[in-house]
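Each chain carries a letter (A, B, C, D, E and F) given by its place in the written order, and its residues are counted from 1.
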């Protein structure tokens, strides 16, 4: 019984601003630098979703990649693509939209929609040079 | 006397929204789709600046790439990186920040700062799949 | 009146075989090597379509990238994606499906569907290391 | 005694078709969609082989990358490159050539040819957006 | 308490030569091939540093990416960028500058400068096709 | 009679140092910065060779990509790969091995070996962010 990991890459374009509402502008600027400029900036986020399980002997699939792509589209991209993460989504009203926090939110949006016998991990690229992964291992 | 083209790639992260102020929201939505969502979205813009001329026989350089990089940083990135193109720059108050319009603005910001005997062309990637170039040839 | 070039990248996955029906297997093998193996092989073709014109002052678009993407999907990808280029399309019954011949076919499929005041050029990647462009300049 | 992982990337171009011979065409079409078109399609497969062990203090190598590349060439690429995976290889006569099944076959082709004290893992990219890894961890 | 991994990519350009001083030229040539040519060759090394820990609830950061980038710059790039790894650094006087050995050196240069509650892993690309990772898992 | 451009990508790894022998070390350091460090540094050079002509109606090829690859290997890579451009090649004894000068040398090495009815252009990437092209257009 051989476990294989399958990966699906998707992307979305969004605006955000790093900001802790409990701090004044000066402290936000000191901690977050240009990432806290008030009028937002944005990224082409690249999302890689990893699902691990035993391939079905009938299909040879751990999970149908089209079904996985549809789940990501419905539960993640619909909410995040071409949106302002701080203003347009319910997740970052009080929580800072760092890549770390976004990747945990995306994991939780997908976890309940994927067969619980399959393991799930999410990697999120904010830029080619800054990226995050959750959960660890 | 051999002309060579040299290219320098830089990047900036910015928010924008496509929008024609002369139109109502409905027409903006019909023409620009999710690119006109009111709270902005954003991109990792990749910028490739091409400078063409005869290499200096003393240095073997058409232009010092560090000097070109510094020019791009000072005159383009300082204004655009981690900014909202619609709100934070003077260029897109009335002009729509499409990739086409942004690339012409960047060209004009650089043209006067580069030796006029050198030809200049700018390519701008809004995403890996949508990009523009100016001037043509 | 400033001409700008816009580029849209799409992809399709197809099988093909290089083969000249006027030659015997031995000559086909000598000229085309493993590219003429009888049971086909395949590629992830990457397609970059370049359209050049003057941006519309109302929209800032040379051409709506969504409209261009839809044209490519309808007139190219529908015919080529997940197909056998030799067997499933009418273009390569007698003409060898080299990258050179494919790119000319794609250009001609798109040329009549795009505003004739706009210039068109197509680049096709067969692999990351072998690619073609048409027309020249 | 420090374990290091070394990775070698290779590629091959192949045709395939997803298909379960126990099902009729209708069910194959319903489950596999355009991946089951009868005349095959293809991919530029990218293969990343990971070998983990303690570097030899004489050479500083976990394994000579040239030797690893030669093994991959001899035991994988010779059989798969420019071939039809369904028709030209013995592995996918009855087993569906999904990325999951291909990556397990490649692992098994290499496992016996590599020093058993070294751990082996294989990642296979079918496209830039769909890829698999085996074994897990 | 959720652990997240964050990754930062940096690069440096360096010359090196593979060579075991205990061996004669003939044996070095036999083992290391063109990698042991006497006058050095070089690479664009890409470095990906992975840091794993629990995001700070105030900032949403596992570690400030700017601080991580500055550490890499100060303790790795300053010593390695535009240098000859054999001649200009103290690490490879007696130890062969294979990717395996370089990645262990980089890990040790960073390990003491990063909060010990955070896990550290380093991946080093010598070329796009040859890369290494340390420690394992 | 349709001209098509075909492109072939190859790579080589080399060491070099920017240096004008007519200048003292101080002036070399001022002009070339860390690129003139005395013990050399290096790059993974990526080379894209573009050949333009009318596809042969028998083969559908402008030029056999395998023949082009062999020419590049024989006349360029054999001399440059895993070498020190300043010390191991005859071209950069007196001429500075800038990307501009290297690309002109590569063009001239290939020009006489390729059918004179075919146009030739060479692009050379020194890094992903610095590259050159010759001749212009």
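Operating definition for what follows: a residue touches a chain if its C-beta (ideal position, glycine included) is under 8 Å from a C-beta of that chain, and two chains touch if they have at least 3 such contacts.
Only a predicted model underlies this, so the values are computations on that prediction, with no experimental measurement involved.
Asker: Compute the shortest path length in steps from subunit C to subunit F over the network of touching chains.
Answerer: When the steps are counted carefully, the minimum from subunit C to subunit F is 1.
Asker: Smallest number of touch links from subunit A to reach subunit E?
Answerer: Shortest path length, in steps: 1.
Asker: Between A-E, E-F or A-B, which repeats the contact pattern of C-F in over half of its pairs?
Answerer: Within A-E, E-F or A-B, the interface duplicating C-F belongs to A-E.
Asker: Measuring centre to centre with C-alpha atoms, which chain is farthest from subunit F?
Answerer: Chain centre farthest from subunit F's centre: A.
Asker: So which has more C-beta pairs touching, B-C or C-D?
Answerer: Output for the comparison: C-D.
Asker: Quick one: compare the interface residues of subunit E with those of subunit F and tell me same or different, with half as the dividing line.
Answerer: Same, since most residue numbers here occur in both copies.
Asker: Rounded to the nearest whole Å, what is the centre-to-centre distance of subunit B and subunit F, using the mean of the C-alpha atoms as each centre?
Answerer: 28
Asker: Using the average of all C-alpha atoms in each chain as its centre, how far is it in Å between subunit B and subunit E?
Answerer: Using C-alpha averages as centres, the distance is 34 Å.
Asker: What whole-number Å value describes the gap between the mean CA coordinates of subunit C and subunit E?
Answerer: The separation of the two C-alpha centroids amounts to 41 Å.
Asker: Out of subunit C, which residues touch more than one other chain, so two or more?
Answerer: Subunit C, residues with two or more chain partners: 128, 137.
Asker: What's the complete list of touching chain pairs for this entry?
Answerer: A-B, A-D, A-E, B-C, B-F, C-D, C-F, D-E, E-F
Asker: Subunit B touches which residues of subunit F in the complex?
Answerer: Those in contact with subunit B are residues 18, 20, 22, 31-33, 95-101, 103-104, 128-137.
Asker: In the complex of these two chains, what residues of subunit C are touching subunit D?
Answerer: 11, 13-16, 34-35, 37, 39-44, 81-84, 87-88, 127-128
Asker: Could you please specify the touching residues of subunit A with respect to subunit D in the complex?
Answerer: Within the complex, subunit A contacts subunit D at residues 2-10, 52, 55, 58-62, 64-66, 137.
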